[in-house]
Structures are given as structure tokens and as C-alpha cells.
Amino acid sequence: MDQVRTLGKQLSNWGRWGAEDERGTLNFITPEVVKRAAGLVRRGQVFSLGLSFGADGPQIGQGGRVNPLHLMTAVDQRLPGEYPDGFRYADDVMVLPLQCATQWDSLAHVHYDGQLYNGFPAATTTSAGAARNGIDKVGPGIASRGVLLDMARAAGVARLQPGTAVQPADLEAAARAQGVRVERGDVLLVRTGHLSVFKSDGDRVGYMRRMPGLGMACAAWLHAREVAAVASDTNSVEVIPFEDPTIPLPFHLLCLRDLGLTLGEMFDLDALADDCAADGVWEFFFSAPPLKITGGIGSPLNPLAIK
Amino acid sequence: MDQVRTLGKQLSNWGRWGAEDERGTLNFITPEVVKRAAGLVRRGQVFSLGLSFGADGPQIGQGGRVNPLHLMTAVDQRLPGEYPDGFRYADDVMVLPLQCATQWDSLAHVHYDGQLYNGFPAATTTSAGAARNGIDKVGPGIASRGVLLDMARAAGVARLQPGTAVQPADLEAAARAQGVRVERGDVLLVRTGHLSVFKSDGDRVGYMRRMPGLGMACAAWLHAREVAAVASDTNSVEVIPFEDPTIPLPFHLLCLRDLGLTLGEMFDLDALADDCAADGVWEFFFSAPPLKITGGIGSPLNPLAIK
Amino acid sequence: MDQVRTLGKQLSNWGRWGAEDERGTLNFITPEVVKRAAGLVRRGQVFSLGLSFGADGPQIGQGGRVNPLHLMTAVDQRLPGEYPDGFRYADDVMVLPLQCATQWDSLAHVHYDGQLYNGFPAATTTSAGAARNGIDKVGPGIASRGVLLDMARAAGVARLQPGTAVQPADLEAAARAQGVRVERGDVLLVRTGHLSVFKSDGDRVGYMRRMPGLGMACAAWLHAREVAAVASDTNSVEVIPFEDPTIPLPFHLLCLRDLGLTLGEMFDLDALADDCAADGVWEFFFSAPPLKITGGIGSPLNPLAIK
Amino acid sequence: MDQVRTLGKQLSNWGRWGAEDERGTLNFITPEVVKRAAGLVRRGQVFSLGLSFGADGPQIGQGGRVNPLHLMTAVDQRLPGEYPDGFRYADDVMVLPLQCATQWDSLAHVHYDGQLYNGFPAATTTSAGAARNGIDKVGPGIASRGVLLDMARAAGVARLQPGTAVQPADLEAAARAQGVRVERGDVLLVRTGHLSVFKSDGDRVGYMRRMPGLGMACAAWLHAREVAAVASDTNSVEVIPFEDPTIPLPFHLLCLRDLGLTLGEMFDLDALADDCAADGVWEFFFSAPPLKITGGIGSPLNPLAIK
């Protein structure tokens, strides 16, 4: 853990946007960045990057995360009162772990040494939710320039092997090969192919237990490029099993707690990647606002990429 | 109800986009429409139109709709296993009626005479959810040109009186006064001021039981203009009490079932309206994808308007 | 259905305990009956007849019934405030279909022709719950004499074949062979062996889709004996597939709606049956109060038999 | 806390019933005890001691505990398939904190110094529930002799003042005045009148925040008498505010963790107390099995007293 502590101090953004800041690197998304990002819409084609929320999701119950429970509370129902026959309605309720499918992790999701991003005490999160750094603090959504790096395609494989740690040099090489630059305020989407395999084999345990992903060293790379947020097609963005088996989820700790960098998980990047490979354009307008869940640790969503 | 049946037949879009279509007027949003909409981003300013999801929401338990229940399932939690002290995480679950705050109604939400939009049998909705016209059928999100008509401002009041039925002529007048035209493929946002009052007085019963809104005749107006979707700052978009006390929710029936026009409810339009009034620009890029809830009747969301 | 209507009229207990009665045949349980039942406790041995409530339950999601979702909302949690280290607690929440495992059906569970037991309109059940005949109307619990009829043992098999309809003559024969009489105010427990098979093979679909159980004619037999309630080791007490494939759940309709006779489902009778077979005593004190769920259609429980 | 640690060691039942025991003082309830308890049923009168589970419960959301959410998942619903008109059903789901109304605390509910009752590591409770000492380990229910001590009546008041710590001498005096002895294997019910006040004034905050209850010294008294379980009409059995403001819930810690003594909370003892006062008989048969919730920290229930 001392390695994380040392690196965390080097990469820290605490105080960078003021003592009360709860948005971290999302502050890199300025109106100017948004405006330029909108200019990337050339064909008007919209890609949904969200998984379905339903019983066939990827969850295996680990840590209490189950697939969503969808309950119909009205089916072919009349209104109460004396109305002539005619009007009928349906209504429904959902019970869902907020990180059960495509989702953003808030900056309150993980921590170490008793402090969250920007030094807020970990004890600000209670059974009432996150008083600090919750997903409701993201502000007016997450809309920016998106850049996709397709690591599987770059490696010429359907999927990076589970357990493969992507290194900064790999990101550099993929960007170079694709002819795209990662810039300040970007949302970086990293495709490993892991979700494609799950979509075809339906092996939940295979999808959730081991996965390719960013190695710990990528935190510094993201910090240097002033990326606003990172999302991937796996459940953790980072590699599992961990690079150092004694340090769990080091990339989470560094990004969420030290950089204040929001992470997106289980983004479905397949159709978008196919399109980018076809037209050679790996940048696009990206719009992915979380639900404004009061004190929420994460939020389900349906992210859009528009080219 | 015969009035609804007659009008419904006149305004019907059944078959217009094929016998299997489940998206209705969202089909008006072509890539060309999206591309032009993106061109409306001039300053890069993002407005979130979503309410918070939490215990302080507007619900009063009517018809089983309650405010969301947010449950922390992990607080300051260690990972299972033999890890050195350090890593801690938080996790959460939400129980929410899918229409408890800012939301889209799917085309499966209401019906009459045993049929949903495009003639699908009402019995396709069961306790397993909506097999037809569910919110998961919206396709790659809802992103288009948005136009705001501020009916309260047009009338020079903080809020239209609850019970006020907005008529087509009122919409025309507001558009003219604002200098904006509603066009094919637009998402029309109608501000009544009702939510502003709730945000300041916190009177849930006042907000949920009576409201200003579109009158039944507006369905024909929307049909003629080929609007893609309509959203408002109330719980029903349409006026309550109903114009004809024997016909409940006629505008819902016509839009969702006959036109196949998606409705958005409890959108917070106040900050956006202030900005539009200030710069005189009432059109913008609008991005509001529902969650892809399998068989969902509605979906919570956080809509964005970008100017 | 006319067969059910005719039989229902013959067996009707509507009005028998007054126009406002919501307890039906539970009225047969008088203090005198309870007192004598307590006298059956000879050894002080307690048998729990309840299944576990957890992820390994029998549900397959049919009609929205899933196995319960158990969520830990606090684990190793400190109290908020300035306490010295020491006190920690755990807390939890459950999401459960009220009929997901061992349960009572209330008299509001099924109906036909728009009326519930005792003539209350079916429309008294709304999305707010059952205003009439709900499980909260059972009064001070269900405690009485219990009698077990072990139909599998009587037939010399581990389980009656799924689809076998138990007839009144079978009940008579089993009672005679066991040397026990079913009397006014009794709770009758009928063991088919179906649950024993599920406990050993874990085949949920096999357990939930087809089952042995009481035939329609048993309703008259129970009526004649003035039984207070009936429970079995299957999901429906009655036989599935139905005796007449055009009439679904006729025994439910007759018992719950016409007789006002409460049904208990998925009772685990195996250990009790073994004990009764060993000592030849098939009667006992039975205590099985439902939770007082306001407006509840059913209630989970943990029934006890005490010998 | 050192006071708790010292006392805890003195009163410890760890190892008393073997290294694997998870039932604690419920082991005092032998078949002989049950048999004699059944002999206390003289009139056959049944008292339900359970609160209702519904929106009008006592919870105020503290620590995430809310009143139960009751969702109708079917109302006046047809079966899927081609059945003649007739059969209709209703079905429901409940979302409930397991300690939201009348409930048992399992021995996994609180702990200190990293160990639960009988020395099991606190880490045996995870987000998957309690692997040790959960409510599912109670065995075949809780049925025994019940004894009611009515402390409010003994003091000649409607309710002991919130904040009043009941001492062993008070229990002794009440027992003497009522002419009853607390014996090995008994379930002791302690009435303070606090719930009566809530039932009449509906003041949830008043009910949940401050309450009369057992003082820390009562743990030794219960230990000496070899009581099997203790329940009261408050949310904590013990007094709040705490006797020593630096030690939260000391009675919980001693009973649940050191003695292994199960606690029952929010039992409605009013009607039973009136009856006991009328006939002078303060002992009865008591039956109160928890639901067998796998890994459950607590369980809702509907306890019965039978005289």
C-alpha cells in the first residue's frame, strides 16, 4: 500500500479546484471543451453505450450486487374512481444495485487512510449516503469530447487476455495507430473486448472475476494528459487479478481518491468501435449524465456517443 | 371516450413506420436532425434538467409511487480476503418507482380498447414487463433539437394556475413571442412554472394533485408539426383536473397510444428558461437517453440541454 | 367455470359470521379449541415447518415471484457520533415477494366474478393493497390443533406423482390408517412429498410447474368437517396441471373466495411426518401467525408444530 | 468501554454450549420447559404482540431504517394463457428493513473488539450476511414460558419517563408485586408504556429517539436467572440516552455478544398487560418464531402469548 500512498501524493489533485470541490477532473470540461466536442458531430449518428438493466445482466451476487429486480406494480389497471371503461395503465418499480450494469463510480466509492478525494473524511459517508463526493455532485452532467482507444483491435485480438495489464506505452501506441490524441477534458473510453466475449458466451463468472484492464501506471499517464474521466467495457476498468496481489484495486484508489477522476464501468463499446474502425475517426461528442441520486455512490446510465 | 376514439383514429401513426415499429414519433429524429441540432451548441453551456432522486422527491405514495429508497449496502467496508489495511469501499442499492421523478413514459404506459401503440395487444404487457413498446425499445437514446416554450413567462405569471389547459393557440403565441419555430423531429419542452412553485413551497400534494398542462387539442397540433417527444415540468404534461371530467388523461391516451409520442415528466426547466430569456435563444441541443430497462414502462433520467 | 360457480354457491360461508367478517373459517378456532390443542403438547418438542428465506429458495421468477433479496445495509458499522472505539453493528433489508417461500394466502388472493370472500367487491384491492380480507385481518394469529395427513406415506411412495389429484376418499383413508380424525377448527396439513424431492434434487422448475395436490372435490370435504385452514408442502396446495384444463386453480377459488378458508403453501412437513410416523401421534399444537402486513395479500412465516 | 469489557467477561456464556453454538441462552428452553409452558394455556385466549408492517410504522429513516414499502405486483390480474374469464388474482412484494417493527435481534447484530457471541470473528458477517449467529440459527423457533413485568403499572404511571433506567431492584419489586417468578428458560417481556404513548400520539421522533428501558446492571440479573430471551415495547429494550454517555448500547453489547441472549423489540404488550392485571396471572405460553432468513441480522415477526 505504501506504493499507492507515494504515487497518490504525487498525482494528487486535492485543493486544485478549491477546498470544497467535489467534482475533481470533471473540472477539466470547460464550456470551450464542450463547444468543440459538439463540433465533432458530422453525420448525426448516435451510439448507445449502455447495457440493458434486467435479469440477464452480468451480476453474480458478489458483494451483494445482483441483477436488477423489475416489478410491475400495475398491469392493465383502471384508475380509481368512476370513469367509463377505457383508460388503462401500467406502472413499475426497480430494485437495483447502483453499479449493477453500465455505471459511473462517484468519487465516494473507494478510499484509504480515512480520507476521500480532496481530503473529506471517509466518515462523511454513512448509512444515509455520501454527504461528500456523491454522484449528485457531478454538476450539470458529463458531456465532452470522447476518444476511444481500442486495445483489443490494436493487439489484433478479439479480447485482451483476462489478467492483462494495459500500460501507458500500450495506450500511446494505440492512439498513434488510430491517429488520435488524448487531450485535456476528454473522456477516454478503453475497449478491451471483454464485454464482447460476455455478450456472446454469457459466462457471468468469467466476465466478473478476471478481466484485462488498465495497470496502476496508467494513473500517472491520465494525470499528465488531464483526462476528465475514463470508462471501459469491464467491471473495474483496471486489471484483475491485481498486479501486486497484496494491493487491491490500486487504480481505483489513485483515480477516485487522489486524482478525483471519475470511472465508468461496463460501457458497451463494440458498435462504436466498429464504426470508428470503418471511418477512421476515433473522436466524437460524448454525453453521459448520471442520475442525480442524492448521496449516491454510483449511478446507472445510458451513455451516448454521437459522430 | 368516443371523442378520444375519434380523434385517436384521425391522429394515428399506426403502421406509419412499419408493422413492427415500437418507437413512434422518435422516428422523426433522423441523423440529419441530430447533426443540425449539434450545430446549436454555441457556448458549450450544459443545463441539467433532472430532479434529484431521493427522499425529498415529490411523491406522495399515490398509486404506489413513493420517493426512492436509497440503501447503503457497504460503508467503509474492507474487501473480503487477506489484504493489508487500506482499501475501503462504499456501495448502494436503490428501490425506485420508475416514474418517481424526472422520467420518460414509454409507449406501453397507457392504452384503451385493448391495444397499445401500433396495434400491439395490451396483453403483451404482463407481470414480466412490457414485451412491446417498452422503454428499452427507444433505440440509441433520445438526442435531437430541443425547443423550450415558456408558457408561464408568456403569460407573465410565475405559474399557470393549476387546472389551466394550454391550447394550441397558446403554444403558437408563445413560439411567436419567443421567435422560435417548432419543427419536425424536435423535442418540445413546455414550462408551466408548476415545478418552480413546488421547489419553493415543498407542497407535494399541491404539486401532484392539480396542475396546469396541455389540453387535449394540443395532440393534433403536435401531430401536425411532427414533434418527436414532449416534456414538461409537471407530473402529467397534460392538465389536471381533466377538461372533461369523465375522460381521464385524454392527452396521454392520444399521444402514447395513437400518435406513438413519448412523454417526459417532471423536467426542471427553470435555469434553462432563465438563460433562454436572457439571450433570446430558445433552441438547443437536447440529449436525454432513458436507461435501457428491459420491459420497462418508464425510465428515470437526467436530461441535458446544451447551448 | 360454471362448475366452480355452482359448487361455490353450495359451499359458501358468506354471511355466516356476519356481513363484516374478514376471517372466514378461522372463526372455527374458538378459545375452547385452542385450549384443547395446547393439551396436545406432551413432550415439548418443537418442529419448525418453515423454509429458509434466501437466494436458494424455490422461485423461478414466474409472475414476478423471485427469491428474496437480502441486502446488508450495515456491516461492522460504527454509530455516528463521538464514541470510543468499540461498538459495531450490522443491519439488513429484505426485498421479498410475500409468497416467495412458506406463506399464508389471505382471502384477498384470488377471486372471480368481481367479488372476494363475503361479497366484498374485488375493487377493494387496489395498488394500495387489500382494504378487505387482507392478511392483517387474521386477528390474533393462527394457533389451533394441527393434524397431519401424510398422503405420500399412505400411498407408500416418496412423493405422489406431480399431477395426482388427491380426492376426499384418499384423505379419509389416510386419516383412518393414521388413526386420527379431522375436526372442527383444525388446521389440516397435507404432505405430498413434493418438497422432499425438491430439497434433495434442487429442481426449481420441477417443483414449481407441476405438483400433486388436493382435487377440487376436497373443498366440499373440508367444508363439511369445518376445517379452519389447510396447508401443504407444495406451491399451490391443489393439483397442477388442473383437473379440468379450462378451469385454473378451482380449489383456490372455492376455498379463498367461497368458503373463506385460508391456504398455507410450501410448508416443510418432513421432520414432523417422520416423528408422527414414529410415535403414531398425528395431532399436535400448531402455531403459525402471519406477519400483520397492512393490506397484505399473503405473508411469509415460520410455522411451528409442538408435540 | 472497559466497564463493558470487564462485565462481559464475568457474564460470558462463550463455550457453555460448545464451541459451535450459535443459539446462546435459547438453549435454556428445553423440551421440559416447553411442555410446562403449554400447561399455562387455561382459557385458550390468544394475544398478538406484533405491530403492523406498513407505512404507518414507527420508523423515521434513522440509520436507513424506513417503514416497509408494500408494492402490489398484481391487482385483479388474469393468468397468462387461454382461460375463460373468471379467475383473477392479486400479488405483492415488500421491501423492509428487518428491524423496522416488531422483531428479534440476532446474536450477529452488535459486537465489540472484533468478536461476536461465542468468539466468532466479526468478519464472519459480510455483505453476504451473517455466516455465524444469524437469525436462521435460532433453531426450531422460540416457544417457551413467557412472563410479563409491567414496569409502568408497577410505578403507577402510563409510561416510565424516557431516559429512565430500570434497575434489577425494580424488576424484583415488580415481580414480587405481581406474584410471579422469573425462571430458567423464560422469555421475559418488559412493558414500559412507551409504545402505548406512541400508539396514541403518533410521535415517531419521540418514540425512536429517547426511551425508558433496562439499565446495564440488568444484564447480570438476567444472567443469574438464566432467562432465554428478553423483549420490550421500545426500539432498544435498554434505556436511551445511555446511562454513561460515552458507552453506546452497553446492554445490547453484553446481552447479544457476551451472554448470547436474544433481544426482542417493539413488542406490543398493552392488551396482554391489561388481561394480566385483570386476572392476576402474569405467566403464559409464548410462541414467537423468527422467519428463517438466511444470514439475517434480525427478523420481523408476530409473537403470540396464549393464556
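For the reader, a short list of remarks on this structure follows.
Order of writing sets the labels: A, B, C and D. Residues in every chain begin at 1.
Here is the rule we go by: a residue touches a chain if its C-beta (ideal position, glycine included) is under 8 Å from a C-beta of that chain, and two chains touch if they have at least 3 such contacts.
All values derive from a computational prediction rather than experimental measurement.
Under the touch definition stated at the top, chain A and chain C share these contacting partners: B, D. When the C-beta contacts at A-D and at A-B are tallied, the pair with the greater total is A-B. Superposition of chain B on chain D using C-alpha atoms only gives a rotation of 180 degrees, nearest 5. For the pair chain B and chain D, the distance between C-alpha centroids works out to 47 Å.
Averaged C-alpha coordinates put the centre of chain A at 26 Å from the centre of chain B. Centre to centre, using the average C-alpha position, chain A and chain D are separated by 44 Å.
Counting partner chains per residue, chain C has residues 55, 63-64, 71-77, 91, 93, 95, 126-128 touching two or more of them. Judged by the touch criterion defined above, the protein chains are all mutually in contact, each touching every other. Contact residues on chain A toward chain B in their complex (touch as defined above): 1, 4, 30-39, 41-48, 50-56, 63-65, 68, 70, 72-76, 79, 81, 83-99, 108-113, 122-123, 125-130, 136, 139-141, 143, 246-249, 253, 285, 287, 289-298, 300-304, 306. Residues 63-64, 71-77, 93, 95, 127-128 of chain B are the ones touching chain C in the complex. If you check the complex, the residues on chain C that touch chain A are 55, 61, 64, 66, 69, 71-74, 77, 80, 91, 95, 126-127.
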